[in-house]
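You will see chain A twice below: alongside chain B first, and alongside chain C after that.
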Partner chain A sequence: MSQPLADGVGVARAEHFESIAQQRAAATLGIWAWLITELLLFSALFLVALITRIQHPEATVAAAKHLKFWIGATNTVVLICSSLTMSMAIEFSRMGWQRAMVRAMLATAALGGLFLVLKGYEYYADWDEHMMPFLSSRPFALAETPAARLFVNLYYVATLLHALHLFTGIALLLGMTWMAAKAGFLARHQNWIEIYGLYWHFIDLVWILAFPILYVVNR
Partner chain B sequence: MSASGSIGGTARREPHTPESTIGRKADYLHAESTLRSWFLTTDHKRIAILYLVSITGFFVIGALAAGVVRLALVVPNGAIMTNDTYNKAFTIHGVVMVWFFLIPSIPATFGNFLIPLMIGAKDLAFPKLNLTSWYVFMAGALFTLVSVVLGGVDTGWTFYAPLSTAFSNTWVLPALIGVTIVGFSSILTGLNFVVTIHTMRAPGMTWFKLPIFVWAHYATSLIFLLATPVITTALILLIAERAFHIGVFDPAYGGDPVLFQHLFWFYSHPAVYIMVLPGMGVISEIVPAFAQKKLFGYRFVAYASIGLASVTFFVWGHHMFVNGQSDLASLVFSALSFAVAVPSAVKVYNWTATIHKGSLRLDTPMLYAMGYIGLFVLGGLTGLYLATLAINQHIHATYFVVAHFHYIMVGGTVLAFLGGLHFWWPKFTGRMYSEPWGRVSAMLIFLGFNVTFFPQFILGYLGMPRRYATYPAEFQLLNVLSSAGATILAAGYIFPMLYLVYSLWFGRKAPANPWNAKGLEWETASPPPTHNFLTPPEVPRIPYDYPIQAQESRDQHG
Partner chain C sequence: MRNPLAALRADDRAQLRKRLRTPVLTFLALLALLAVNVTLGATLPFAQVWIVELGVVAVMVALILLVSMEVIHEPPLIRLFSGLGFFWVAILFGMTLTDYLAR
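Our next item is the complex of A and B:
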């Protein structure tokens, strides 16, 4: 805990823990351990994308030029803003400002939703430009360079996996916001906000890694 | 230890069996008896029992498939069944035994049950997550099982591309999805153990007072956390490749099938240590208890666990010596593979040094432990043959490899599993099993195992490749011998299932500590109460505080 909590804010002890401090330590270590596994999950994927890029530089650049750089860049900003609102929610929870916290959480979910809308539009534009090589029914714009097909397909695997994490994150966040709006939440479960915040920042971080690896190749 | 100096070489045992504790209402088995209280339990001990029952079921299925394989190989010309049936049988055997028995075997059952007891905690750090991991495991495992039985997957447990992505006409896709799901159950179990061992230790239980069983599970959990996500990615890419032909493992699109092998073995070699390390932990508990002697070189054994878990991440290339890997890479992977022998040998020497001048009692768990040590040495040393580049060229993908890893997986892990099951059976159930039957079965398994698998070393050395339904007629004698051994082994497996179940109702009631063993799990009743300890346990001054100690230990501890 980096800073003291306001009065009436805290955690209810589960019976198998000896103390609140132990419970908090377990929760923090648990989420970090989970995030390390998530990082490895994405790292393996990014590694494969980088290997493809090293082995087939021209085809990769040609494919990356078709990705919508400005939508990706906007989405990067959107997610960074959502991390800001999530951090604010955590600060408000420590101070015991429940209404402000709930609003910050809703803003976070809304920014996450905006990301998904923009991403969905981007997929639509990709479809329109015949950039969905995994669809056997639709001809691929860069059919003459096979490695371009591979890179674009990896782009879909990586971004869909990220979008799945974000979607799950928004669903969890909305569920938690519904519970957090009730009286007495901060006295029992302030920790949830802290723990969840780490997960949200992680989703943001994965995008910050994905964006240069997938998009910036075309600049 | 001032007392130990005076007793010389003899161990002190309690002359009378302490009073049994099974009658008390409060123990975890009898606290509640509804189905709901089992399927929605968050008690780590009950979840361990759920796992124990499930993985025993998977073991039976995997063993039956192995029986089909051995039946097919009795004749050289493949006349007993079609080649397709043979391929499907060995795939069921591999998939079920590796993914649904060996990987969860000791951690999810004994680890789940014993880690909180051994460190003096009331439960694992995340009890609900623990239950979730069982449901995730069952969902994925049953899904895969249905796929491999109905659709007859024929890729082997390794799912190598391009067979799995482009050529197999069987239900590979659902099998892959199921195995991917099971991976999450491993991750959740590993995460729970790491957090529990870090944060839930009783006051005074410092790291170097932890039993080696806990150290081994800590190392295993690190592998669960750091390797499993990579196989998840590999399987996701394989699923996308098979479903949408994304091209990542297909040379026609600039992909590379060997890339799958890299990603696969980056997990699956460490996974060998997911299967082996917990068994080493079990042996490190059994040997001191039945020698009544302090574990020799405690710190070295603990460090060796972490050492194995670290080195194992850097040897995956030894599975690909003949797959077009560069000579330099092969050389480095070969040298690193030899390095694995060092921590392994540290453990073996420390177990044997613990037995040396101990006060031995050859009860069933100790018979399994001694069998383990012998078979593990043989399996480990033949691993060095395989790690040698020149020899590997000759015995790569032959029955020599099959024999080698069965010596580690069956001779090692399964024997440790059975040894641990007998050792802690009184703690799990509150009942004693039949000792004579136990000893007979342990020796049957040792005999049956060697008759089954030793001929396979010779077959492999003579050049019989693995995974073929037919073979030259001159190999028939050794193959028949191997299949005959499998029937002895099967009998050895059936006996424990019968007498252990029998003991649940008719076995003698067990005292809290039937083996006069050390460790916090023996301080509480058999079976333990729901929250493990009625009074907070007192952490001993040193781990493995047995009556007999080697000279170096006496000097060290005064």
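Our next item is the complex of A and C:
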């Protein structure tokens, strides 16, 4: 925690912790332990993308040229904006500015929703261009380069998994916003906002890696 | 529409500026780095541009980890945990690429 807490803001100690400091550190360590497993999950997918590029450079470049570069770039901007609003929510929680915190959390959820809408449009454009090789009813546009199928399938696995994390994150965020809007929340559970913020920043970090690895370096 | 900042006292405004300085600067730095990568990706100025692009990504990841996720302010055990994750990723990439690049 980088900034001090305002008066009346803090954490209610659970009986199995010796101190509030220990409780806060345990919660932060717990979310980091989980984020590390998530990091390894996504890293394995990015590694496969790299190997696909090494093994089949022409097919990977041909497939990557069909990706919607500008939608991907716009979505990166959207997630960077959402990271800012999440950081603002954390700072407002530390300052005890509950209403501002709730608004920042809602803005974060809205930006997450905008990301999913743009991603959905991107998938629709891919469908329209016959770039869904797993659909037997629509012939794959790059059927003459079979290795392209590997990269495109990997693209869907990685981006759908990220979208699933984002969707879950939005649902959790809206639920927590509902709780955080109640009187006394910041006096008992301020660190929930910080812990959740770590998850949201991590989703942002994964996309910061996914955009260049899938869209940019294969052009 | 009423400007909500106008209702703030001078000390509140000063506190707000102080607290939001780091997140806003991080946000601007991330946007600037993304702009570099998007420009490089759109123009492809030279063959080995991917090295620069991955370097820019590494800086963006470090910014998010250290500043946005506040690892820099965490106690040593949590810093160790966050670092260990990337150490394991380095082992994963290192051992796999040793095979593929040496074939």
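One rule holds in what follows: the second predicted complex is superposed on the first by the 216 of 219 C-alpha atoms of A that agree within 3 Å, B and C clash if a C-alpha of one lies under 4 Å from a C-alpha of the other, contacts with A are read in each partner's own complex, and residues count from 1 in each chain.
Quick note on the criterion: a contact is a pair of C-beta atoms (placed from the backbone, for glycine too) under 8 Å apart; a residue touches a chain by one contact, two chains touch by 3 or more.
Keep in mind it's a predicted model, so treat the numbers as computed, not measured.
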Just chain B (first), just chain C (second), both, or neither: which does A:16 touch?
first
Would you sort A:193 into first (chain B), second (chain C), both or neither based on which partner it touches?
neither
Would you check which partner chain A:25 touches, where first means chain B only, second means chain C only, and both and neither mean what they say?
both
Contacts of A:55 with chain B and chain C, given as first, second, both or neither:
both
Does chain B (first) or chain C (second) touch A:33, or do both, or does neither?
both
Using the superposition on chain A described above, determine whether A:161 touches chain B (first), chain C (second), both, or neither.
first
Using the superposition on chain A described above, determine whether A:142 touches chain B (first), chain C (second), both, or neither.
neither
Scan A:41 for contacts with chain B and chain C and give back first, second, both or neither.
first
First (chain B), second (chain C), both or neither: which does A:95 touch?
second
Touching chain B and also chain C: which chain A residues?
25, 29, 33, 36, 39-40, 44, 51, 55
Which residues of chain A touch chain C in the complex?
1-3, 25, 28-29, 32-33, 35-36, 39-40, 43-44, 47, 50-51, 54-55, 69, 73, 76-77, 80-81, 83-84, 87-88, 91, 94-95, 197-198, 201-202, 204-205, 208-209, 212-213, 215-217, 219
Residues of chain A touching chain B in the complex:
15-17, 22, 25-26, 29-30, 33-34, 36-42, 44-45, 48, 51-52, 55-56, 59, 133-136, 146-147, 149-150, 153-154, 156-157, 161
Along chain C, where are the residues that touch chain A in the complex?
15-16, 19-20, 22-24, 26-27, 30-31, 34, 37-38, 40-42, 44, 50, 53-54, 56-57, 60-61, 64-65, 68-70, 72-75, 77-78, 81-82, 84-86, 88-89, 92-93, 96-97, 100-101
For chain B, which residues count as touching chain A in their complex?
121-123, 125-127, 187, 191-192, 194-196, 198-200, 225-226, 228-230, 232-234, 236-237, 240, 244-248, 252-255, 259, 263, 266, 531
